[in-house]
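Order of writing sets the chain letters: A, B, C and D. Residues in each chain are counted from 1.
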Amino acid sequence: MQLKLDNNVSQFAEEIESLSGLKVYDCYQCGKCSAGCPVGQFTEESPTRLIRLIQLNQKEAVLNSRTPYLCATCSTCSERCPMNIDVAKIMETVRILASREHVKSPVKEVAAFSGAFLDSVKSNGRLFEFGMTISFNLRNLTPLKDAMLGPVMLQKGKLALWPRSIKNKERIKRIFEKSSYFEPRAESTGKKEH
Amino acid sequence: MAYGYYPGCSLHSTAKEYGMSLMAVCRKLSIELNEVEDWNCCGATPAHTTKEELGIALAYSNLLNASRQGLEEVLAPCAACYNRLKTAKYALNHSELLQKRMDEITGGKVEHEVKVFNILEFFRDIYGQDNLKAAILKPLAGLNVACYYGCLLVRPSKVVNFDDPEDPQSMDELIRLLGGTSVNWSCKTECCGGSHAIPETDIVLELGKRIFSSAQSAGAKMIAVACPLCQANLDMRQHQINEKYKTDFKMPVVYITQLMGLALGISPVELGLNSHFVSTGELVKQF
Amino acid sequence: MARIGVFVCHCGENIGRTVDCPEVSRRAALLRDVFYSVDYKYMCSDPGQNMIKDAIREHGLTGVVVASCSPLMHEKTFRRAVTEAGMNPFLCEIANIREHCSWVHEDRKAATDKALDLIRIMVEKVKHNVALESIRIPVTKKALVIGGGIAGIQAALDIADGGKEVILVEKSPSIGGHMAQLSETFPTLDCSQCILTPKMVSANTHKNIKLYTYSEVEKVSGYIGNFQVTIRKKARYIDESVCTGCGICQEKCPVKKIPSEFNEGLGMRKAIYVPFPQAVPNKPVIDREHCTKFINGKCGACEKLCGPKAIRFDQTDSFITEDIGAIVVATGYDLYTIDKKTDNTLKGYGEYGYGKYPDVVSGLQFERLVSASGPTYGELKRPSDGKTPETIVFIQCVGSRDAAKGVSYCSKICCMYTAKHTMLYKHKVHNGKAFVFYMDIRAGGKNYDEFVRRAIEEDGAVYLRGRVSKISQEDGKLVVMGADTLSGAQVEIKADMVVLATAIAAQPDIVPLAQKLGVGYDQYHFLSEAHPKLRPVETNSAGIFLAGACQAPKDIPEAVAQASAAASKVLGLFSSLELEREPYVAKVNENTCSGCEFCLMACPYNAIERREIKNRRGEVIKTVSYVNEGKCQGCGTCVSICRSKSIDLMGFTDEQVYSQINAMFV
Amino acid sequence: MNENFEPKIAAFVCTWCTYTGADLAGTSRLKYEPNVRVLRLPCTGRIDFSLVIKAFENGADGVLISGCHPNDCHYNAGNFHARRRFAIFRKLLEFTGIDPNRVQFSWVSAAEGAKWRDVVNAVTDEIRKLGPFNEYQKLIHDSFPFRHEDSGAEEISEKEQVENVK
C-alpha cells in the first residue's frame, strides 16, 4: 500500500471536521478506541486506523470501509478517548457522508436493515417489527434468516401481524422530507468541549 | 402521582413483558402514567446513522407532543428511546442553529422543558427508594443477579449524565433494595451488539457469549436489564450462542421491572415472565 | 549647566562602513550642551576608554554618551570606565548605533542621520540622569531548603559543603522522599537506598545542616538576602532529644492495621512508627488519629515501656523563626490519583479497576513489591493472594497525555521506569513474561535508549504500541483488552498482575506554599522557573530557587543536577557580604501620592507596601505607597498605572523619557 | 499616498525581549527601513500611553509598541498591562477620529530578529500609506494653550485601564 500525499492532505479531515464539529487532528493514534471496540474482531480497519486515513486524506478508502457500518454505536470509544474525541460520531459522520455521496454500503445487511427500519417508521410513524423483518430479509435477499424465531415470537405475542400507526402521519412525512444529512454548524467548527 | 410515559415501539411488541410488568408495578404502587399522545418512533440507531437531523427530529417530535400535553417529566423505560431523547435534548441545548432547524422541520417549538427519566432514575429519584422499600412484600432473598446496563443507559456519559459509565451502581442498589444480591462482574456496560441484532448475527453471538460467561463466572443466576434491545438480543440468541460455542447457558434475562413486580408480590404471569425464550421457571418457582 | 561628552565609535569598519562617524561626531558637537565630541576606531579598547576618562577629567563632563554597540554589550564596560574617572556610572548612557543602525541599514546618509538622532536622544536623556547608587542589600548567609527528597538533600549538602548554613525542612517524619521508596534505579539498576542512605545520613550529621522533619513552612516574609521564615514543627509526641530510637514502642504498639504510607498501602504500620528502617532521623512519631491513647485515653503502652521516657502525649506544635538569605524549593511530586473514589474532581480510570482489583497496582506500589525493604522483602508476590505473577502487563501513560481523564503533559520518567520494571521482574521471576502497552518510547538521555532496548532484546519484554481500553477480572485472572496499532489488531492478555505507570502530578498542597513564597505556578501547579531555558533554577522572586520535580516531572539525575545548580546559585549569592543591584527601582512621591493603591495591585512582586504618614502628634494623616527596594525589580508597571504621577522609575524617569521623546524628531 | 514621504516612527520597546531581538536583527545583518527610533524601557508595562501622545506631539507619524510575547514577560505580566491599555487606547484613538493604525502593537521575542525586521518594515509601509500626521501637529500648534484640556480623555482612558487591570 502506498499513499500519495500532497498539500491537500488535510482536505478530507477538514470536511469531516466541518460536518461533525469534531477535531480529527486531535487524535494521536493511541489505539484506546480500537482496544475496547466490541466489534473490533469483525472489522478490517480499526477506528484508530480509520481516523488516521481521514487525517491522510484517504476519502475513498474511508467511505468504502466496513467499519462505520459495523459500528454498534455503543460509544465505548468516545467515553474512553484520552483526547475527548467522539469517535462514534466520526463513524456516524462517515456513514452519513457516504450515503449523501451515494457510495454503496459495503455492508449490505446493515444498509438493508436501516432502510427497512426507516421505511417502516416513515409509513407508520412507529416500528412495525414483523413487516420490518420481512422487508429486511427481502432487501437482504435472505428471506429465511431467523425464520425460526418468528413463529415463537408470534406465539409469545411479541410480534404484531398488523401495523399500529400513529394518527398524525403528516408530521412524520414532513420530518423525513425536511431533515438534512447533517445538522447546521457555525463556521468555527471543531471547538473543543471542556 | 402522575407522570408522562413514552413507551416506544418495543414495549408494545418485542418487549411486551417490559410494558406489562411496568404497568403492573405502577398499578401496585399507585403511579399513574400518562402516555405521550400520538408518540412516534424515536428513530433508534438507523435514523441518526442515516441522517443526523432525522435522528434528532424524530426524538424531538415526541418532546414536542409531551410539552403540548403539559407533561414535564417523562419516563422512557426503553434505554434506546431514553438515549435518543436525551441526545436530542443535549444537541439542542448546545446549538441554537439546530434548534432553529428543528422548529422548521417539526413546525413547532417545545414550550417548557420536558425532563426525561430512565427506569432506574424514575424509581430512585422520582418515586423514591424509601417508598419502594415500604411496598416490598416478598424480598428477593437468595437471588444472585448480574445487573446489565448495556451502553445506552450510561453512554455517552456527558449526554445522559446518569451513572458511572464504567461501573454503574443504580441497578445494583435497586436489586439490593429488593432484597436480592447483585454480583460484582466486569461486563455491566459492555455492548451486546443490540443494534446489530438482526443484520449482523455473528457479532451479537460473540458479544453475548462474553457477557454470559462473565455473568456465570461471577456466580449470577440471571441477568437483569432495562433495555428491550439487550433483553431481546440476549434472551433470543442464547440458544444460538450455546449451539455455536458449545456452551450451556441457561440464564434468564429479565427486566428489572419484572423483578420489582415479584418483590411487590405480583404474579409471574402478570409480569410476563412466561414469555421469555430462556425459561424463567426456576426463578418463578420461588415466588 | 550640563557638559556632555559624546564618544563615537567606529567599531573598526562595523559602524564606520555605513555611518560617517567623523561627520556624526562633528554634528554631535553642535548639539546643545554637548561640550566635547570625538570619534575613535575602537572606543571599547584601552586607548578608547582612556579617551573617555581623560575627557571627563579635562573638561569636567557631567554626562557621557558613548555611541557604539548595544548597551547590552558594553554598557558595563563604559560605566566602569567613567567610574574610574570619578563620575557616577549612571551618568553614562549608550547610543546603539551598531545593532540598531549601521548593521541594519545600507543607505549611508540615512544611517548617518539616524545615528545622530540616536545620539541626540541619549544626550537629552543623560542630561536628566542623576547620580544613582547601586542598591546594596545585606545578605543573611543561611539557606532554607524546603523538601527532603533527593533534590532537597543534594541542594542542602552542596550548600553546606560550600560552608554555609542550611535549614532543611521536611514535612514527613523522615527525609528521603520518593527515592527512598524505589527499589533500583535506571539506567544502571543500582539499589536506590544504597546510594541514597549515605546522603540522608550526611544531611543529618552535617555540621552546617539543621534538619527539621515533620515540619512545614508556616510563613515567609522579607526579600532576597533577608527572608524571615517561620517553621511549624508538628508534634511528634516524643521528645527527640531523649529518644534513642530503640524501637520498643513501635514493637509493642497494639494498633497494627494502618496502611503504611511508605509502602504505598501494601504493608501495615503501627500507630507509633518510624516510616522505614533507614529513616532519618530514626525517631518515631505517633499517629494521633489512630493512637488509642488519643482516641479514648486508654493504652499508653509505649509510654510505659519507653526506657528513656521520651513519650510526650501532651506535646503541641511548636514554631521556630529563622532569618534566611535564600530559599531552595524542592518539594517534589505526587502521583496522579488513578482511583476516583479518593478524589471526586478526577474522572479516574474506572475501566482499569484500580482500587477494585487488588492486583492492579501503581508503578510506585510495584517498586515496593520488588524492593528488598518492601512488604514482601523483595520477593515479588501479588497483593491478592501472594502468588508469584507469571504474566504482568505494564500500561504506560496512565493519566499522562490524557486530556480527558488526566493531564496533557508527558510525565517523562514512565518509559524508563517501566522498562526497568520489566527487567526487575524478569530478574526475579525467570519464567515470567512482561507485556508493555506504550504510545511512544521517550528514552532520551545518556544510556537510556540502550536500556529500553535491553529490556526488549535481553529480558524479553514484549512492547505493544497502543493503549488499554479495559481491565476486567475473570477466573482469577486480569483480562487486559488493549490494542497494538502497529499490527492494527486488538490484543487480549490474561495477566496475573497489571502495573499502571501513573502520571506524575504536582504536590497537592503546593499552591498555598507557592503563594507564601510568591513563586508562580502553571495550570498543573508545577512551580515556574524564571526563564525556561536560561534561568531554569531561578524563580521570578529573587533569592528563591527551584530544584527537582516541583518544577516539572524529572528523573533522579535531572533532579540532582538542578539541585546542585540551585545550590551554586545560593552559594554565588552568599559569596558577597552585600548584594548589589542596579538601582532601577520605583520611588514614590509621598507628597502627591493619594494612597489609591492601584500600584499595589499592579505590582507583580508585592514590592509596594502601605506606609502611614503621621503628624507630630503621631496621628495618621494619610496612607501612601512605599516601595520596598529589595523586592522591586524595576518593571515600571506601577509608574504607568499611577493616576497622580506619584511614582517614578529611577533610570527611566518620566523626565528622562519625555526628554528623549522631545529629542526624537527634529 | 506620497511614495516619497519618509514617515517618522517612534518605537517603545522592552529591554528583555524586543530590544534584544532588535539587537539580534543587527548581529544577523538583516536590513530594514531606517525610519524607526527606538526608545528602550525596562518593560512594556512602563509605557504610559501619554508617551505615545507625546511622540505624536513631537512629530511622530506613527508609533510602534513591542514587548515580550504573552506569558514570556520578564516581569510576569507587564506586557498584559500594556496590551490591555493598548486595546483601550485604540478605541480612544478611533473615538477621536485618529486612524488607530498609527499606533501598532506587536510581540517580538529576543530570538525573533527576523520578526523585528518584518515588523519595522510593515509598520513603516503602513504609516507611509497613511501619510504624514499633520493634523495632530497642526492641532498642537494652533491650540497650544488649550491642549491640556485634551488630557481629560487621557484620564478617562487611564481610569479604564485601571479597571481592566483589575
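Assume a contact is a pair of C-beta atoms (placed from the backbone, for glycine too) under 8 Å apart; a residue touches a chain by one contact, two chains touch by 3 or more.
Since the structure is predicted, the reported quantities are computational estimates derived from the model, not experimental observations.
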Between C-D and A-C, more C-beta pairs in contact link C-D
Chain B to chain D, mean C-alpha position gap in Å, rounds to 66
Where the centres are mean C-alpha positions, what is the separation of chain C from chain D, in Å? 35
Distance from the CA centroid of chain A to that of chain C, rounded to the nearest Å? 51
Distance between the CA centroids of chain A and chain D (whole Å) is 56
Multi-partner residues of chain C (at least 2 other chains): 351, 470
For chain A, write out the residues touching at least two other chains, lowest number first. 41, 76
Chain D, residues touching no fewer than two other chains: none
Chains that touch, pairwise: A-B, A-C, B-C, C-D
Residue numbers on chain A that touch chain C, as the complex places them: 28-37, 40-41, 45-46, 48-49, 76, 80-84
Which residues of chain C touch chain D in their complex? 70-72, 96, 98-101, 103-107, 110-111, 113-114, 117-118, 121, 520, 540, 584, 598, 601-602, 604-605, 633-637, 639-641, 643, 649, 652, 654, 657-658, 660-662, 664-665
Residue set of chain C touching chain B in the complex reads 349-351, 353, 356, 470, 472-475, 479
Of chain D, residues touching chain C in the complex: 8, 10, 15, 19-20, 22-23, 25-27, 29-32, 34, 37-43, 45-49, 51, 54-55, 58-60, 74-78, 81, 85, 117, 155, 158-159, 161-162, 165-166
State the interface residues of chain C toward chain A in the complex, per the touch definition above. 351, 397, 401-406, 439, 465-470, 481-485, 488-491
